[in-house]
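The same subunit A turns up in both complexes below, where it pairs with subunit B and then with subunit C.
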Partner chain A sequence: MNNSITKNQLFFLVIKTQIGIGLLSLPSDIQESAGGDAWISVLGSGVVIQLLILAYWHLCSRYPEKNLSQMTVLFFGKYIGRAVNCIYYGFFVLIAGYACTLYVKLIKVWLLPLTPSWVLILLIIVIGIYLAVEDLRVIARFYQLASVLLFVLFAMSLATFVNDVHLSNVLPVGQAGISQIFKGSGKTFFAMLGFEVILFFIAQVKASPREVMKTLTLANCFVTLFYSYFVFICLIGFSQEALSKVKEPVLFLLRGLSFQLFDRLDLIFLSIWIIPMSTTIVSYLCLAGKTLTTTRKTYQRMVRISGVLILMLAIYMSTRESLDTFSKWMEYGYLIMIAAVPLLMWTMSFLLLSYHKRRLT
Partner chain B sequence: MKKLIPAVCLGILLLLPGCWDAKMLINKKLVNGIALDTQENGQILGTVKAIILESKGGGQFDVKDKLAQSTGHNIPEIGHKMDSMLPGTIEANKAFVIIIGDELAHQGIMPILEFFYRLPKAYLNTKVLIAKGQGSDILSVPEVENNPIAFDIKQMVNSSERTSLVPSQTLYSLWNQISDPSEDTVLPIIRKMSNGALVIDSIGLFNEDTFTGVTLARNDSSLLMLLKDKMSSVAWLDIPLGESVVSFEVRKMKRSFKVTVNDQTQSIESKIRIDLYGNIDSYTGSPDWIIDSKQLSKELAESLNKQAAKITGILLKANCDAFGIGRKLKVSHSELWKTIDWKSKYPEVKITPEVHIHITSTGALK
Partner chain C sequence: MTLNSAAINDYLSYTEDLITQNLTFHNERCTILYLESLTKMELIQFNIIQPFLEEGFAAIEAVSGARQSSDLPLIGQALLDGYCVVLPDSRAKAYMISAALLHSRSIEEPSAEQIIKGSHEGFVESLSTNIYLLRYRVKSPQLKVKYFSMGSLTNTKVAMVYMENLADPNIVKECEKRLRSINLTHLISTGEIDEMIEEHPLSPFPQSLHTERTDRAVSYLLEGKINIVVDGNPTVLVIPIKFFTFYQSPDDYNSRWITGSFFRFVRMISFVLAISLPAIYIAIVSFHSEVLPPGILYSVKVSLTYVPFPPIVEAIAMQIILELLKEASIRLPSPIAQTIGIVGGLVIGTAVVEAHLVSHTMIVVIGLTAIASFAAPLNEFGTSLRILGFPTMLAAALFGFFGISVMMMVVFIHLCKIETLGVPYFAPFGPFKGKESMKDIFLRLPVWKTEKNAQKSGSHKQSFTQRWKRH
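Take a look at the complex of A and B:
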């Protein structure tokens, strides 16, 4: 089966999964703890992710052409391994459903206040499934194409320098103190989730491990810098008090702009941002399919079933008043799944490698 | 199956979105100017100018203003009441100007404006003005040649901004300035002259979000803008010199702004030096009209220095940190900044303005 992807495509798969709805509200979330040093928190979080990626990569390069769900079976045995995969599946569906809910809530606030949630969720998921049932290569190509929009968004953000900006808001650097910056890093980490897709996609990359690592590092640097750039422009564009009150500062920042031809840049920005938000959901749909199935046919069926599950979950969640307790619970659970479990497997791999090698050959 | 899914998607896409959120322009009552004032009973009196489009046939429209007034505790309440008075749904999200009466501004403006920040639909490039007297009087000035009055006011603000007479302020920039404790804001003032015409030629000083009641008239306001390094394309200064008035047009400027703290006494000192480059528009001080650049620039600088010292005195008295000395202090002396209450410390700051004039051209005459 020829469904390998190039290292460039891996790059876009990772960045498009990571960049999503989290960024829009990130600056005010971290500013709460890290204050004017919030942008350092993002960089710190990037370093932590880089370490995790290093472990992932090392693990994956020891078991070439095996993705996470195949590895769990190898490590924990048939039954426990499958159970672990089922948990992974559950989390991927939950994350996709949660992202979908946030996404729809955002669109309802800013763009379509009167449209019922289920219509929006249905539209997103149907289109998501349509892309996710295809080969990884097709998905990657779409991501590659859609990445052009990131540059459009970046160009748009440059316009915010027309507003009053005060570099003094972030000065003196380091005013918040190390512990507060770390606290901010923790919050950023959850907004930057999505890098775990590499555990599944590395297996299909046609490149030497060295090149893969280079690509992954590049992707992580790109996302970290992209995020810290947006946090930074929010910090210098808002006063501290205003920033702490705004829900989506990245959008709000564009509200003050007006040009001869364009007005309400925030709405244009959000309309484009819909695509990075959707690609996140597509990635999780794809992961959900990959955790439990191996053949193409079952994969497609699994994606469709997951889509329906996500749809129901998202419709249920969008009727809930508050998702705070749920999101907290889910974030920590997910942290165990993407950090603790792979790290455990990685340490186990030192002990078991020779045994596995014998068995695999 | 492969063909069915896109077909269904396309069908849904074409049919569903917009069904709920479609809004017809003809059903809207577009508000383009809002005036807010105090009332005796503690409520707010809101006055709006709404646009009415009257079709003349042939795709041409007559634009007409309609005035409406109601009272309430906050803007949405006023809006809801007004909605019942006017045909169509009221839409405040394209208002050009918001005019706040000076009495209301004196009580603090942020709680009144909160609504616009909270509403995702609201337009934040609205100009905010303070009215001398009642805001409703300003907005109810009869329109000139069918031009809606709010458009006129907006254009007046724009032209005053172009000549650096008033700061360029919108709802958006205002919030960031007011919520920042290390800086205070200034807003343009609109007033009605005795002949009924409107004029924007002064600025009002703010202490946090309350209007202090202190205003700076034309010349002072231009000079303050220059001291703040907020020159737009040009600034006009009419400087009295002896019997005559010299008109100096500033084209370029440089500013150096320093804040120092005395280690022993903890007293804060600020030095602002501006170098103004420009040309003389009019000079009739000497009988032959000939300008001695060196001599004249010295005399002008002297006069402007006096004026600048007067302005900084007024700022300190009004407790309006328009220069953002607090912001400088926060960066350079962050330890001190954390321990002091800036609002009580600011009036004790010593500000030394210094103006230098460089005449680059005297026009077509010598």
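Take a look at the complex of A and C:
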């Protein structure tokens, strides 16, 4: 069966996974450390991600048509490789559960304060499964379609320039100092997670490695610019004190706008934003399925099982008051999984390539 | 069993409209048999009886389209197809000569698919006339017709028509396989074939296009699609079909491209409106009334003050009333239908508001939705949209804007998921092909921009510009 995707589709798979819930609260998170230079932090983390992507790409192009879970088995042997995959699986489920929790919290605060969390989580997961059980091609098709909404959201954000704009908030450029900007980059990095899907999806792309790299670079540029644009409009829209007090500055920025036909642009923005947020969860469901299985049938079953796990996890997490300690712990653990482990494999590949080549042929 | 008139009579259950007649020419003798209800007497008289009486079997053999057979079921079938059977006493084989009586409706414009400009020709019930209509428009040696006979009782003739050089051979093969697998006792309508070969019976969207317009059917033939024609039905089935084809009308191509593009755009809006407008209204008045600025909110709330029902009940009740009106008036003769329109639309519409059962704004919303759903050029698609409106309304009543977003996601995921005969249903949007989607989906660019390269075999790409400008 033909289940390859085009390089175009890869682009959308990457950006739709990356752009999600993180963006809405990002500006206030990073301005704590980077102040008026928060937008530079975003660009900085874009550069770091680009370097990681380069390593990913190099690794994947050495082992064409192998995704990460197949590579781990190749590198670490049957048993350790499987164990590593199980850890990956655990993290994908955790990340999806965590994203789901944040997502539902946001919906509860802004749209449906009285609806119980578990109902919302159930809805999100069921839709996630409905899409994730399909071929990657179908998922990519939906992502392409949903990407049109990013332009709608961008157009909406243009309306914020009707508000008072204080360019002086970001001036002078570089006021926060390099170390602070880097600190901000670190925080941004976690909001931009999602590029690790590359490790799994590259195997199915039907294009030359050069084209793939071009696509990935473009996707990264797009996401970085999209993020830094939103951070920038928040910085010039709010003073630093205001920004540190609000949790979702992007939505608050739109809240102040009023038109003749409708008020509260933020609610409309959020209603559309639901779709990018859901696609992130779909991607992780898909990854969770792909880490442990290879055939289509077992994949579908795995996605369903993962869905149930995520559901339980998210329901549990949404009952807890604070997730800060959990998220810190999880973020660092995840950093090891998506940066350290692939980089280790990449360095190993220099030594082992000739050995693998012999074994594969 | 020997082949004689008694055997044939037995095969046809001694039906009394089977006429048997003995003829003699010198020492050659024969019996002719025909079903008088299916045959034309003059044809038999002038093509068979007279020549035989003058020249004998030599004349029968010379009649155009004469077939020979000794197989009883085949002969019986031929009789049922309107053939006249000539049984020579001396030979073992029977001659079959076509003398069918064709009663056919005249070719008129189909009332369900009227257009303003362009051809007003529609298919009729007779299969051969329908194929004539297709051939008349495409005089190409590549046009290929394949006959199937379906239904063990009705023996309905079904034709699959496609362009040999344009249709994807895999699709043709798959379609043929599915048609051959159909095992019904009786086949009456095109809809039955449709249901037997469609891939997603649970989907609310139609996966094949039914049309009575010849120009429409032909234009799909030329795009490499397959037409399925069923004898006795003026509706032609077109497969594989894509979502956006339901938003194209022959009118677009008959008017100037700016006008055509504009109407395409309007129809696209109608799709979104038909599914989501009542849902958006319900979500706004029951969850997010802060979305409306005070001026509008005031007038909406005032009209809601005396209404005792929640908006979802209002909306569903009004939608059902509307469907009732439509169903009631659709089959009545037009003078009565008009009365129903007036009584239903004006009397019920105003009375329901004055009785404070439904709010003014709800009437406006439901009216707009209905009009939007009727804007789809093909009626059955509009109906699917109205049906989809109900779950969306329910989602909006339960979860507000969140519900609508979720519902829209489900609809679009579904659209991305389904494929008909291996062709993605939502193409060229999912999978996205930027250029193609602009050329003939959202816009209707001039013909010299979009002319499809029909001669695939041609190695060099022809440029389709307005050539006269160069000279």
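Throughout what follows, the second predicted complex is superposed on the first by the 361 of 361 C-alpha atoms of A that agree within 3 Å, B and C clash if a C-alpha of one lies under 4 Å from a C-alpha of the other, contacts with A are read in each partner's own complex, and residues count from 1 in each chain.
Rule of thumb we're sticking to: contacts are C-beta pairs under 8 Å (C-beta built on N, C-alpha and C of every residue); 3 or more make two chains touch, one makes a residue touch a chain.
Please read these numbers as outputs of a predicted model, since none were measured by experiment.
Trainee: Between subunit B (first) and subunit C (second), which does A:Ile127 come into contact with in this model arrangement: first, second, both, or neither?
Mentor: both
Trainee: Classify the contacts of A:Leu112 with the two partner chains as first (subunit B alone), second (subunit C alone), both, or neither.
Mentor: Once the two structures are laid over each other on A, A:Leu112 reaches both partners.
Trainee: I'd like to know which partner A:Thr217 touches here: subunit B for first, subunit C for second, both or neither.
Mentor: neither
Trainee: Just to be sure I read the superposition right, which of the two partners does A:Gln175 touch: subunit B = first, subunit C = second, or both, or neither?
Mentor: first
Trainee: Just subunit B (first), just subunit C (second), both, or neither: which does A:Ser4 touch?
Mentor: neither
Trainee: Determine, under the contact definition given at the top, whether A:Ala242 touches first (subunit B), second (subunit C), both, or neither.
Mentor: After superposition on chain A, A:Ala242 lies in contact with subunit B alone.
Trainee: Give one of first, second, both or neither to describe whether A:Ser271 is in contact with subunit B, with subunit C, with both, or with none.
Mentor: Second partner only.
Trainee: Just subunit B (first), just subunit C (second), both, or neither: which does A:Thr293 touch?
Mentor: neither
Trainee: Going by the contact definition given at the top, which residues of subunit A touch subunit B in one complex and subunit C in the other?
Mentor: After superposing on chain A, subunit A residues 111-112, 115, 123, 127, 130, 258, 263-264 contact both subunit B and subunit C.
Trainee: If you look only at subunit B, which of its residues touch subunit A in the complex?
Mentor: 5-6, 8-9, 12-13, 16-17, 19-21, 120, 123-125, 170, 172-173, 175-177, 179-182, 327-328, 330-331, 334
Trainee: Which bits of subunit A are touching subunit C when the two form their complex?
Mentor: Result: residues 6, 8-9, 12, 107, 111-112, 115, 120, 123-124, 127, 130-131, 134, 137-138, 140-142, 144-146, 258-264, 267-268, 270-272, 274-275, 278 of subunit A touch subunit C.
Trainee: Mind pulling up the subunit A residues that touch subunit B in the complex?
Mentor: Touch residues, subunit A against subunit B: 109-116, 119, 122-123, 126-127, 129-130, 163-164, 166, 168, 171-172, 175, 237-242, 255-258, 263-264.
Trainee: Show me the residue ranges of subunit C that touch subunit A in the complex, using the header's touch definition.
Mentor: 287-288, 290-293, 296, 399-402, 404-406, 409-410, 412-413, 416-417, 424, 426, 429-432
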